[in-house]
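Every chain is named by a letter (A, B and C) in the order it is written, and numbering of its residues begins at 1.
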Amino acid sequence: MELFIQQLTNGLAVGGIYALIALGYTMVYGVLKLINFAHGDLFTIGAYLGLTLLTTLGLTNYLGPFGVVIVLALMVMGLVAIVGAALERVAYRPLRTSHRLSAVVSALGASIFFQNAVMLIYGARYKVYPHDILPRTAIHVFGLDIPLIRLLILLTSIVMMIGLYLFIQRTKIGTAIRAAAIDQGAAKLMGINVDRVIMIVFLIGPALGGAAGLMVGLYYGQINFTMGWLYGLKAFTAAILGGIGNIPGAMVGGLLLGVIEAMGAAYISIAWKDAIAFCVLILILIVRPTGLLGERVAEKI
Amino acid sequence: MSTLLSLKNLTKRFGGLVAVDHVSFDVETGSIVGLIGPNGAGKTTVFNLITGNYRPDEGEVVFEDRPIKNLPTHKIVSLGISRTFQTIRLFQKLSAIENVLAGCHCRMKAGSLAGMFRPPAQRREERQALETALQELQFVGLQDYAEQLAENLSYGNQRLLEIARALATQPRFIILDEPAGGMNNQETAALIETIRKIRDRGITVLLIEHDMSLVMEACEHLVVIENGAKIAEGTPQAIQNDPKVIEAYLGTDEE
Amino acid sequence: MKNKHIVIYVAFGVLLLFSPAFLNAYWVDVLNNVGLYTILALSLNIILGHAGLFHMGHAAFYALGAYTTAIINTTYHIPILWLLPVSGLVAGLAALVVARPIIHLRGDYLLIVTIGLVEIIRIALVNNVFGITGGSNGIFGISRPVLFGWKINKPWEFFYLIWGFAAVTIFLFDRLEKSRFGRALNYLREDDVAAEGSGINTAHYKLIAFVIGAFWAGMVGNIFAAKMTIIAPESFNFWESVVLFMIVLLGGRGSIRGVILGSFLVLGLPEIFRQFATARMLVFGAFMVVMMIFRTEGILPPLPRKYPIAKVLGREGSV
C-alpha cells in the first residue's frame, strides 16, 4: 500500500510534467495539424536556461526558495516562448501551404539544430542542478512521508493547466484558438487573425514546455541535451492518449501516462519502463486513434 | 430485360441523421437511369452504399443476383461496377494516360516479382493496358491530352477523364455522380452522346444530375429522392408532372 | 535530353567503379557506408516515396536482418551469404505482422507508431529478450562473407560487394517503379479513395510495399553485420531511421536518382566537413529547414513517366 501511494504520487508528478509538455504538442497540432518535433528540444532549452539563470543571477541571495522558483519559472517561460515563436516564424510559416512531409522534415531539422546548439554551448555531459534550492523535506500525508517537491510540482502543473483551460474556454483569444483549430479557413472569414493565433499558440505551448524543463531540473537534479527526445516522445504519447488536438485530453493523457509508467516500473519491471509508454502509444493508435477524449472526424466522399 | 442491380430497403444513418431511408429500386440491364432530388437528399450516399464506401445499416444491395453489401470497394469494382465522383477525384499530378491506366489495374495480373523480372506475359499485358487506356481516351475525345497532367485539363475535360478511367475497368455498370457539373451547354450535349455510346457498348448507366435538360434527354427512367427517401419513380414525363416531385424541388404555394 | 542524362549516369558509374583504386581505406569505407545507406534508402523509398506511407521506423527492419544474421551465424556457423535471404525473410515477415494492424492509420499517426515500434525493438534488443540478443553489448564474432571461395575482408572488397548489390537493387527497383505495382503505389499515394474506387486493393499494396521494403532492409542488415563483425543496439536507434527518412525526402521522394544523391549528400557532406566536427550537425539541421523551404520536393524529384504512346498509335494507325 505504501508503495502504491508513493508510486501514485510520483506518477502524478511526472505525469504533470508530461501533461505540460503534451499541451504544447496538442495545441500546435490543433491549429497547424503539424507534429512539432522540435518541441522536446524547447523543453530541454527551458531546463538549461533555468540552470544558467539560477547559477548566474544568484537569486537565492534575494529571495526565499519559493520566490526563486517563481521568478525563475517566469523568466524561463518568457524566454522559451520567444524561441518558440521564432521557430514558428522561421521553420514552419513558409511551409504552411506545402506538403505535410516537408513540415515534418523542417521540424526534424529544427530539432537537430536546437539539440546541437545546446550541446555546443553547454557540453555533452550531464549538468547538475543545485540541490538546495527547494527544501528537501517530506510532508506527512496519508500516513506516509511524501517529498515536498513532488507535491509542489504536481500542484504547479495543475494550477497551470487550470489556468490554460480557463484561458482557452473563457477568453476571446482562447475562443479564437479553438476556432482556428477546427477550421482555419472559416476562422479567417470570421475575421480572426490566424497568423496571430498561431503565434500565440507558439508562445504558450513552448512556455509550458520550458516550465516543464525547469521542473525536471529541480525534481531530478540532472539534465542532458538529449532529454528532449525521450520526454518529447512520451509527452506526445500522452497527447495522443488524450486525443491529439484536445486540450483537456493532453492534461488527462499526461497524468494517466505518468501513473501507468510509475505503476509499470514498480510492479512489472523498471528496465521496460520506457517501453511501456511506446506500447501504450501503439495500442491506443490501433484501438482508438482519436484518443480518450478525441472526436471522430468523418471524411466526405 | 433483366434486373442488373437491386436495392432493397437500403438505410444509412449518421448518428441521429437518417441519410438514406429504406430506399428500394431496381436498375434494368441496358438502361440509363437517373437519380434526382434536391441537394442533400442523400443521392451520393446511395452511390457510396452501392460502391462499398459506406456500409448500410439495413437493407440489401444485389448485383447480377449476387449480394455485394459488405464487400470492399475494390472487389465491387472487379465485379463490374465502376464510378465517378461528385468532387472529381483524379490523380491530379499524374498524366491523363496514367489516370486511365489506374482503371486498367484490376484487369491485369502482374505483381511485384513480374514487375521486376518482366516475363513476356507481363510485357504483353503492359502493351495491352496501354492500348486499352488509349482507346478509352479516344472514346471520350481526349486522345490529344494523353500526356497532359490531369490538373492542367479544363473542368469539363477532367470529368470526361474520370469517365475514361471508370470505363477502363471494363464495367458492366457505371455510376456517374454529377458528370455534367461545371459543363456548358455544348459540353453537356456531347456528354449526352457519350452516355448513350456507353450504353450502346453494353454498359448500364446510373447517374446523379442536377442539369434537368440532360436528365430529361438521356434518362429512360428516373428515381426521385428527398430527405433520404424515395418519393417517386417513373419515366421522365411522368416525373415531370408528379406533384410530389414538384413540391420537393419548388415547395408549395402559401395558402 | 535523355542522352545527356545517360552520359552523366555512365560517367558517374565508371567513376564509382574505379574509385577504390585512387582512394585510401578510410574514404573507401565512407563510400561503403554510403552504399549501404543508398540501398536502405531505396528500400524506404518504396514505402515512403512511392506509397507515401509516413514510415520513420525503417531501422527496425534493418536491425532484425542484422540480428538474424548475427545470431544464426554465431550459433550455427552458417555462412553469411546464405543468410542473406533469410535475414530478408525475417524482416519481411516481421513487417507483415506489424504493418497489418497499422496500415490504415492516417499519415501523422502512422509516423508516430513507426517511431514507437523502432524504439520497442531497440529496447527489446537491449534487454536481451529471449536471451539471444546479447543485451546492450550486442553480438560479436560474426564471420565475413565468402563469395565463391573468396573471403571478403578488406574495404575495397566490401566496396564491390555492396555496390554490386546496390546496382542490382537499382536495376530491379527501377523496373518495379515502371510496372503495374509501382503505378498502384503511386495511385494510392496520390488519393487512396480514388485508387480504391478504381479497383486497386489499397490495403494489400500498402502491406506489400512494407514487406518489400523491409525484406531489402533485412538483407542490408546481413551485410552490415558481416562488415562490422560486431553489432549492438545503438546502431539501430531512432536516429538511423531519421537519417534514412531525410535521405528520401531531401533527395526527392519517389525518385531513384534523388535518393542516391541524397545518400551521398547526407553521409558525404558531414564527412567532408569533419574538421568542423562540432558545428556540422548544427549546420545540417539548419540546412534541412532551408531545403524544405526553398525546394520542398527534394533536390531531384521524379521525372514524369513517359509511355510509348506514339509507338502504340503508330502500330495500329489509330486504336
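In this text, a contact is a pair of C-beta atoms (placed from the backbone, for glycine too) under 8 Å apart; a residue touches a chain by one contact, two chains touch by 3 or more.
Bear in mind the structure is a predicted one, so any value in this text is a computation, not a measurement.
K.L.:
Going by C-alpha centres, which chain is most central here?
P.N.:
Smallest centre-to-centre distance to the global C-alpha mean: chain C.
K.L.:
Of all the other chains, whose mean CA position lies farthest from chain A?
P.N.:
B
K.L.:
What's the distance between the Cα centroids of chain A and chain C, rounded to whole Å?
P.N.:
Chain centroid spacing, chain A to chain C, equals 34 Å.
K.L.:
Can you work out the whole-Å distance between the CA centroids of chain B and chain C?
P.N.:
The mean C-alpha positions of chain B and chain C differ by 41 Å.
K.L.:
Take the average of all CA coordinates in chain A, do the same for chain B, and state the distance between these two points in whole angstrom.
P.N.:
Those two chain centres are 49 Å apart.
K.L.:
Any chance you could list the residues of chain B touching two or more other chains?
P.N.:
Answer for chain B, listing residues that touch two or more other chains: 53, 85.
K.L.:
Can you tell me which residues of chain A touch two or more of the remaining chains?
P.N.:
As it turns out, chain A has residues touching two or more other chains at 301.
K.L.:
Residues of chain C that touch two or more other chains: which are they?
P.N.:
Within chain C, residues 193 contact more than one other chain.
K.L.:
Contact residues on chain A for chain C in the complex?
P.N.:
29, 33, 35, 90-91, 94-95, 98-106, 108-117, 120, 229, 233, 236-237, 240, 271-272, 274-275, 278-279, 281-282, 285-286, 289, 299, 301
K.L.:
Using the touch definition from the top, list the residues of chain C that touch chain A in their complex.
P.N.:
Counting only chain C, the residues touching chain A are 54, 101-102, 105-109, 111-113, 115-117, 119-120, 123-124, 127, 193, 238, 242, 245-246, 249-250, 253, 278-279, 281-282, 284-289, 291-293, 296-297.
K.L.:
In the complex formed with chain C, which residues of chain B make contact?
P.N.:
Residues of chain B touching chain C: 51, 53, 72-75, 77-78, 82-83, 85, 89-95, 97-98, 101-103, 105-106, 108, 110-112, 114-118, 122, 125-127, 129-131, 134-135, 138, 146-147, 149, 165-166, 169.
K.L.:
Spell out the part of chain C that touches chain B in their complex, as residue ranges.
P.N.:
Residues in contact with chain B: 172, 175-176, 178-184, 186-187, 190-191, 193-203, 208, 212, 304-309, 312-313, 316, 318-319.
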